[in-house]
Amino acid sequence: MRAGELLGRPVFDHTGRRIGLVADLRCVQEAGPHSSWGVLRLDALVVTERRVTPRLGYGRHQRSPALLRGVLRGLPGQLVVVPWSAVASWSAEGIRLTDSAGG
Amino acid sequence: MTTVDIYLQLLDRQVLDRDGRLVCKVDDLELQPGPDGVPVVTAILVGPRALGPRLGGRPGRWMNALASRLAATPGDDPPRIPFGAVTAVHSAVDVDRTRDELAVDPLEGWVERHIIGRLPGSGHAGG
Amino acid sequence: MRWLPAVLAIAALTGCVGPAPTTGEYEEKAAHTAADALSQLQTARLAVGNAGRMPASYLETVLVDAEEAFGSIESTFDSIQPPDDPRADRLRSDLDGLLSDGSDGMTQLRVLARRSDAAGLRSTAEQLVATADGLGRFAREHGS
Amino acid sequence: MKRVFGVALGILTAIGGFVDIGDLVANALVGARFGLTLAWATVLGVIGICVFAEMSGRVAAVAGRPTFDLVRERLGPRIGLANLAASLLVTLLTFSAEIGGVALALELATSVNYLLWVPVAGLAAWLVMWRVRFSVLENTAGLLGLTLVIFGVALWRLNPDWPQLLNQGISPGNPPGEGLPTYFYYAIALFGAAMTPYEVFFFSSGGVEERWTRKDVVTSRVNVFVGFPLGGLLSLAVAGCAAVVLLPQGITVDTLGQVGLPVAVAVGKLGLAVAILGFVAATFGAALETGLSCGYSVAQYFGWQWGKYVRPREAARFHLVVLVCLIVAVGTVLTTIDPITITEYSLVFSAVALPLTYLPILVIANDPDYLGARVNGRVANLFGTLFLVVILVASVAAIPPMLATRAGQ
């Protein structure tokens, strides 16, 4: 599996309702062997209704300039973080979540 | 616990080798299920066969076609750098191997041997 | 977007050499031509007037460029089909006279510059004053 | 002492390196048609390039990342590739215009047809990009380009009606006989001439070539905030000379020879010789900057080793891109397309490619992951945002006047 295959894929809740697209993959950094930077374990999917903006970072650590943040945050839709454990199945058509995910 | 958003903080960053030379970009990342079934990042995927599918559309198809013509290794698997070789992630990604050891980019070597290396002064020290 | 090149090509063709349908448009083009030609003529005159203040190679290059540009302005205007109207014919013959005087004079300047004939340059440039005035007047009277 | 020398050298290079064939022609052309009523567009462009060059220089010094790295990281591979295509087109067009400009300047010096000079100029540019050390290349071209100060001397010797000239400069508006679309077309062209994207590609990549570190942020700032405005003054002097000498004669500028005429009138033979040297140096320097920028942008998008700080064979594909672009550029000029016309079109295209280059710079200049405590302050963000809006407006606005006026006819 490649990161590029998951990104941009549609996400559906257990009833088949579309929640949005995979905007990013949130990983947890764990200690790796000796000198290495660490191991990245997939922890959650960051799901959004929009396509472009997550890359600019305004959903996360990016705060300024204020006008850009305002414009980009003001667009409809918001980021939803779905834990990887809530993923029931995934295929080329999309990702389906389990009952417990809430959505 | 540190979290990393890999699209925002890892993909498309520059990869530097042990000597600080530029190697490639993080064109894509490979994930494989760990012992507990949760996917773990196992490798950096490099080159047009990694980037092409991400581009999609016509440019992606062109890049794939070009890549399969130029490919040194057959099949669809792009060259990879095991993720364990990564020593740091900052504005670039540091790897504890040299460019030659990684050998992720056969085309660079080809251009060097057949075109640039043949021009006079190609080994002249930079400044 | 496949139609775009075709549209651009048509626009370019009709814009540059197509028939000028009305006398008004023809007049506007004539005025434009006069102003462009005047610019080249004045360039040549300014260069000749300061011939002693520049290297010969510079003078020659400026004169050759101006002469060439003048020639292409003239031939572009000549390729426009004037509307069937006596007023348009009069515009055409007035401007044609000025343009051919100008292009003769510019050719003469280039020849004299290559021969480094300072006196000849000066007197030819003086003769071109009338043509320059004529082009300027034409552009003003017929310009929008 | 060495540091002071470095800063001074940087300023001088920035002045000399600021002006290229596009600035020369656009400013003379506009001066001869509109007087100084469009000076505001040049001033606006200079402020804009200062704002973004400072950010890109700071990112290069602190994070070590040049501009096209940022483009791919923040716009992603798809939009990044679109930007690469657009800016490569603009830079390549500019590159051929600069090669043509060198040839035209040599024609003025020798009266040998410029087409014969084109291969010579191309070969010389390639040899320099291939062999000469980066700092030598940058400093020599910049210092020789300083000879364009002769336009300032010329303007002063012409002793124009200063109050009237100044008045033109501070009261924008289209002069009688010129339409508003034409006026705005040239406003955008001047703005684009000052803000061409290759300047930030080259400036930030040059910072990496010279191994800037955090300590060099100050050097970078001084270069930008002193050097670029002084370079802008040179542009205005070119426009002023044209306004004083050519405008009253009804001369519109369409050759490089006409750009130099006011210097001949005001200073004479020696002055003109200095001006020609300035033309050659400025256009040759810009040819190097644009040629290298073609290589920088492609290599940085794909992550290849680039730069003159390593042996050419260690950056093989970078040098291959430069070489191919050079061949294309020389070939383009040899088709006898007028280099001046190429310049005018590339300026407007560059206005279209600008937003995709400057948006990622502004975003990353605010990213603490890259810059830590050196992120943008309020002033940088105020101006950055403001100019991003101006750039967007100019980009959208570039197309209708270009079509309406058939490129300023």
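The chains carry the letters A, B, C and D, assigned in the order they are written, with residues numbered from 1 in each.
The rule is simple: contacts are C-beta pairs under 8 Å (C-beta built on N, C-alpha and C of every residue); 3 or more make two chains touch, one makes a residue touch a chain.
This is a predicted model, so every value here is computed, not measured.
Novice: Select, from A-D and C-D, the pair of chains that is joined by more C-beta pairs in contact.
Specialist: Output for the comparison: C-D.
Novice: I'd like to verify one number: the distance from the centre of chain A to the centre of chain D, where each centre is the average of its C-alpha atoms, in whole angstrom.
Specialist: Taking the mean C-alpha position of each chain, the two centres sit 41 Å apart.
Novice: Taking each chain's centre as the mean position of its Cα atoms, how many Å separate chain A from chain C?
Specialist: Comparing mean C-alpha positions, chain C is 65 Å from chain A.
Novice: Taking the mean of the CA coordinates per chain, how far is chain B from chain C in Å?
Specialist: So the centre of chain B lies 59 Å away from the centre of chain C.
Novice: Averaging over Cα atoms per chain, report the distance between chain C and chain D in Å.
Specialist: It comes to 32 Å between the two C-alpha centres.
Novice: Two-or-more-chain contact residues of chain B, please, as numbers and ranges.
Specialist: Residue numbers touching two or more other chains: 54.
Novice: Which residues belonging to chain C are in contact with no fewer than two other chains?
Specialist: Where chain C is concerned, no single residue meets two or more other chains.
Novice: Provide the list of chain A residues touching at least two other chains, using ranges where the numbers run on.
Specialist: In chain A, 55, 57 touch at least two other chains.
Novice: Run through the chains and report each pair that touches.
Specialist: In this structure, the chains touch in these pairs: A-B, A-D, B-D, C-D.
Novice: Would you pull the chain B residues touching chain D in the complex into a rising list?
Specialist: Against chain D, the touching part of chain B is residues 9, 12-15, 21-25, 27, 51, 54-57, 59, 90-92, 99, 105, 107-109, 111-112, 115-117, 119, 121-127.
Novice: List the residues on chain C that touch chain D in their complex, please.
Specialist: The contact residues of chain C facing chain D are 15, 35-36, 38-39, 42-43, 45-47, 50, 53-58, 60-62, 64-66, 69, 136, 143.
Novice: Can you tell me which positions in chain D touch chain A when the two form their complex?
Specialist: Spelled out, the residues of chain D in touch with chain A are 74-76, 79, 362-363, 366-369, 375-376, 381-382, 384-385, 388.
Novice: Give the list of chain D residues in touch with chain B in this complex.
Specialist: 63-65, 69, 72-73, 76-78, 80-81, 130-136, 299, 302-314, 316-317, 319-320, 369-370
Novice: Using the touch definition from the top, list the residues of chain D that touch chain C in their complex.
Specialist: The contact residues of chain D facing chain C are 107-111, 177, 245-246, 249-252, 254-255, 257-258, 260-261, 264-265, 268-269, 272-273, 276, 406.
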